[in-house]
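A, B, C and D label the chains in the order they appear, each numbered from 1.
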């Protein structure tokens, strides 16, 4: 099991009911982890609509996660 | 002879040495009048570089002038 | 609508003191009372602060290189906004107006497309929702 | 260069109170210290006031119709200007940013091309001259 920190923003924050969570997971990649969280919290967005950040950088969903990672999944941005 | 009022701006004002003049002329058109003034004051600009205003409206240089007209010849504009 | 000739100084806030910079273009986007036909009563912006700051700065610096402008800055509002309040302000200073207009427009577009900021709209009927552009 | 997230109101002077207008673009053109390689020390603008006012207003009104914008205004300075002083200020308010950028740019271009205002440049070497664009 890997232990990662996940922060939630906007629609994800509201669906999860929390701003962040320490999560134990067997997911290989960010995409795998998003799949797990989507099931757990009922996120509406499909994997194809989501981007990710790992350790405060943009990250591909194909990236492998490691224990200690600080992860954020990003709904489509809507600033401006 | 026609009697018209001519105002001068910018390079024309400096070349003429006055801001306006009441002029008696036998010129038919604005172009003719510009030709007269160009000779009289030594304006550097050729007729093709100049536009005109007659009675506070833009006017074609082909327009016929009449006594009482208020005329301005316009060097190429350079605002902004 | 107005046009006026001013014999006295035009008070216009412009960036910086670089006297080779002759053009300043600024953009303000503010909260409208309507979006796609629905009556909006308020907006809320939420940002992933750390990444938004990094990516926003990257955009501004990229604009300076790409358009050879002298200066650029961008502010984006977060939190809850009333109608008419400014959501984003971009200001660009450059030698000539071409680059100033192009760079300002580019920064606005890139910030909308790249910076992790999300918008929730509150509607007159009591409903609210996080917008999903293209979703 | 800067980018910031602001949790408090962004103070940005925008035109009017029309809450359907979400975008404001403004342009300031100011006196540069150099033009076509010559060191400029000051500028002077002279206008044929009556016709400049008429033609300037025509441009602003034409912009409103042509770009379907909400509001536009333009101020042009006359008299002698020091380096860094604003020569022209255009501000446009519209529903969306596309028209706001296009209309603002168009107004600046049209004012330069059509309004009877003339510019004299004063150079470091003591010479001064009335500019003849394209001449």
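The rule is simple: contacts are C-beta pairs under 8 Å (C-beta built on N, C-alpha and C of every residue); 3 or more make two chains touch, one makes a residue touch a chain.
Everything numeric here is computed off the predicted structure, so don't read it as measured data.
Trainee: After subunit C is dropped from the contact network, which chains belong to the same connected group?
Mentor: Contact components excluding subunit C, positions unchanged: A | B, D.
Trainee: List the centre-to-centre spacing of subunit A and subunit D in whole Å, with centres computed as mean CA coordinates.
Mentor: 47
Trainee: Please tell me the distance, in whole Å, between the geometric centres of subunit B and subunit D computed from their C-alpha atoms.
Mentor: Computed value for the inter-centroid distance: 28 Å.
Trainee: Quick one: subunit A and subunit B, Cα centre-to-centre, how many Å?
Mentor: Comparing mean C-alpha positions, subunit B is 74 Å from subunit A.
Trainee: Please work out the Cα centroid separation of subunit C and subunit D, and write it as a whole number of Å.
Mentor: 19
Trainee: Which positions in subunit D are in touch with at least two other chains?
Mentor: In subunit D, the residues touching two or more other chains are 29, 47, 52, 76, 87-88, 108, 117.
Trainee: Of all the residues in subunit B, which ones touch at least 2 other chains?
Mentor: none
Trainee: State which pairs of chains touch, listing all of them.
Mentor: All chain pairs meeting the touch criterion are A-C, B-D, C-D.
Trainee: Touching residues of subunit C toward subunit D in the complex: what are they?
Mentor: 1-7, 9-14, 17, 19-34, 47, 49, 52-53, 56-57, 59-61, 64, 71-79, 83-89, 95, 97, 100-101, 104-105, 108, 117
Trainee: With touch defined as at the start, can you tell me which subunit D residues reach subunit B in the complex?
Mentor: Per the stated touch rule, the residues are 29, 45-48, 50-52, 54-55, 76, 87-88, 108, 111-120, 130-135.
Trainee: What residues on subunit A touch subunit C, complex-wise?
Mentor: Contact set of subunit A toward subunit C: 7, 9-11, 13-14, 45, 49, 53, 56-58, 72, 74-80.
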